[in-house]
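The following block contains the structure, expressed as structure tokens.
A, B and C label the chains in the order they appear, each numbered from 1.
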Amino acid sequence: MRALGRPSTTVPLILSLILVPLTVVLAFWWTGDDVDQGFSQKIFYLHVPVALASYAAFGYGAVCAALYLWRRDPEWDLRSYVGVHSGTIFGTLVLLTGPIWAKASWGVWWNWGDRQINVFLILFLYYCAYFMLRFSLDEGERRRSASAVYALLGVGLIPLSFLAVRIAETLIHPTVFTSSGAAMPDTFFLTFLVGLAGMLSLMALLMSVELRGKRAAARLVEYQRAARGEDA
Amino acid sequence: MIGAALALARVKLVLELRRREVVFAMLLFVAATIVIVHFALRADEGAGPRAAAGMLWAAVVFTAVLGLLRAFAAEAEEGALDALLLAPVDRAAIWLGSALAQLGFLVVVELVAVPLWWLLFFQEGGPEPLPVIAALLLANIGIALVGTLAAGLALGARTRDVLLPVLVLPLAIPLVLAGVTATYGAFGEEGGGFGPLGPLGFLALYDLIFLALAWGTSEHLLGD
Amino acid sequence: MQPPAVTLEGCSKRFGERLALRKATLAVEPGETVVLLGPNGAGKSTLLRLAAGLLRPTAGHARIDGVDAVDAPRAMRAGMAYAGHRSQLYRGLTARENLALHARLHGRALDLDAALAAVGLADRADERIDGFSRGMLQRLALARATAHDPVLLLLDEPASGLDADGRALLDGALMDGHGRRTQLVASHDADLPARLGARAVRLDAGRLA
């Protein structure tokens, strides 16, 4: 593996350890209860940042994919994979916490009128397919190229999905949240930002840990092959 | 590049004309799917516009996926893909030529499927045909472009036949959303703030974005 | 166009768990003919595909005139021909149509009748090739590989399935190419190098002798 620099694990770890508990503290003790949704609205400070971190990870995965196709350095493919993987893990969290919030707020487990979750569903399905694609190909150049192309196409899908759901709103009537709209009070917004920073740190931590693990595994395979007298 | 793509598309259309494997299967499939979805929704005679619009689009998307499964079948038989990869043409031509052929198959299938759908559900009334046809054409382009790319990606995969639908269907969801909205709007119902222009514009945008993305990345498709 | 030099430097290729080619180093001079000999599974096909740029090496380089084969520009690919184990043809098309497509993709007008006659397929030119025997497919593949007069010819066991006439045609084509083009041919025929006056190179279990 070429040395592209080791992504730090310490910085994200420290940031996460500070910011995530801070978010919880702020959410419960600093911000007041939401006028419409009451106490259950508080999951918003974690749920939405997890979703946004997920998008960020997919975006990172796409950027690394483009870099791989340009440079052909397997390190970029590894980073791209880690990005998509972490994004999907967080995505699973979104889809788990989403219904909890929906049940608490609207009394239903799934709300088709929730624009964000519809978009997320499309993208989640898409990125799950990434893994199916990747692991149905044998390890090597083709797997890396195909994964990279697919990760790149995904970023095209993100804005298009938002737009499509928006356009389809004649058919799906959207539920509008007042507390998560632009009219949010300052305390809510600040807590949200802390939550976002915390989730991004957690995401960075997850990615750097996984990247290290994957690199170590790859190196191990290289050594094993060298030990067997194979040259590549 | 375009010339080579057209030559390839012509070859694939000629092959289909001679062997008639794919299009007939797609025709039967689309008819069966419309019937199944109709029964599944238990829509009564004169299904509401929503159900009817939904049925058409669901059937079209699944039928398109069926056709895509055979996207590179002719090349696979005798290894013609190697010849295409080595030829002095952009790899994008391989993708585009196949996509054009897929588009052709879809259009042919819809020439039968849409009148059939009309006949089955609209004894009187029915949507304005123009927006529906426009939506279908634009969506066909989109699904042909991304679907062929996905077919190329899946070429070396062990699980190619199950993999391809999994890759294509999420990409097709925005097309279905917009297509159904356009179809629904064509009934003169209370549309959204955009009317039929919104969904049609979206479909065109989808096509443009994925045309650019697919063209740019098809260089890395196929081969090893 | 001048015939190119083909060089493999420390070329290794891995397919999953299997290492098909190990640190292969080979230099083929411009206009030279080299015959690759070796048992089944030795890696001859892999080597040829690497030289053609159809595969990317796991390690090392495969170069044509100094350029990585996988990145060969269009002008270079226009002068190349590769015939592998499969005929690379479209079954539902006729022999003539297959060659016509080949010509179209190479952007050249080729004398299809002459090309078909040269491999003895003139009378079957307008039949769909799904009725062809293996030997006829091989002949058509040979026609496809030589019709555009390439300067680099890569052939993988081109004699398999050919009758005596077919083999004579093949030998003729290879002799004709001597000096005019760079030729790399994988074969089971141990007498071929002598007949062609070509260098023989042995491949065994992924290693070049």
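Following the convention adopted for this analysis, contacts are C-beta pairs under 8 Å (C-beta built on N, C-alpha and C of every residue); 3 or more make two chains touch, one makes a residue touch a chain.
Remember, predicted model here, so these are calculated numbers, not experimental data.
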| item | value |
| --- | --- |
| Chain pair that, of all pairs, has the most C-beta pairs in contact | A-B |
| Longest centre-to-centre distance from chain A, chain (CA-based) | C |
| Chain occupying the most central position, where position means C-alpha average | B |
| Centre-of-Cα separation between chain C and chain B, whole angstrom | 38 |
| Whole-Å gap between the CA centroids of chain A and chain B | 30 |
| Between chain C and chain A, distance of the C-alpha-averaged centres to the nearest whole Å | 48 |
| Interface hub residues of chain A, defined as touching at least two other chains | 138, 140-141 |
| Residues of chain B touching at least two other chains | 223-224 |
| For chain C, residues that touch 2 or more chains besides their own | 56 |
| Interface residues, chain A side, partner chain C - complex | 138-141, 225, 230-232 |
| Contacting residues of chain A [partner chain B, same complex] | 69, 122-123, 125-126, 129, 132-133, 136-138, 140-142, 145-146, 148-150, 152-153, 156-157, 160-161, 163-165, 167-171 |
| Footprint of chain A on chain C - complex, ascending | 10, 12-16, 19, 22-23, 56, 58-60 |
| Residues of chain C defined as touching chain B within the complex | 52-56, 70, 74-75, 77-78, 80-82, 84-93, 97, 101-102, 104-107, 128, 137, 144 |
| Touching residues (chain side chain B, partner chain C) in the complex | 3-4, 7-8, 11, 14-15, 18-19, 74-75, 77-90, 223-224 |
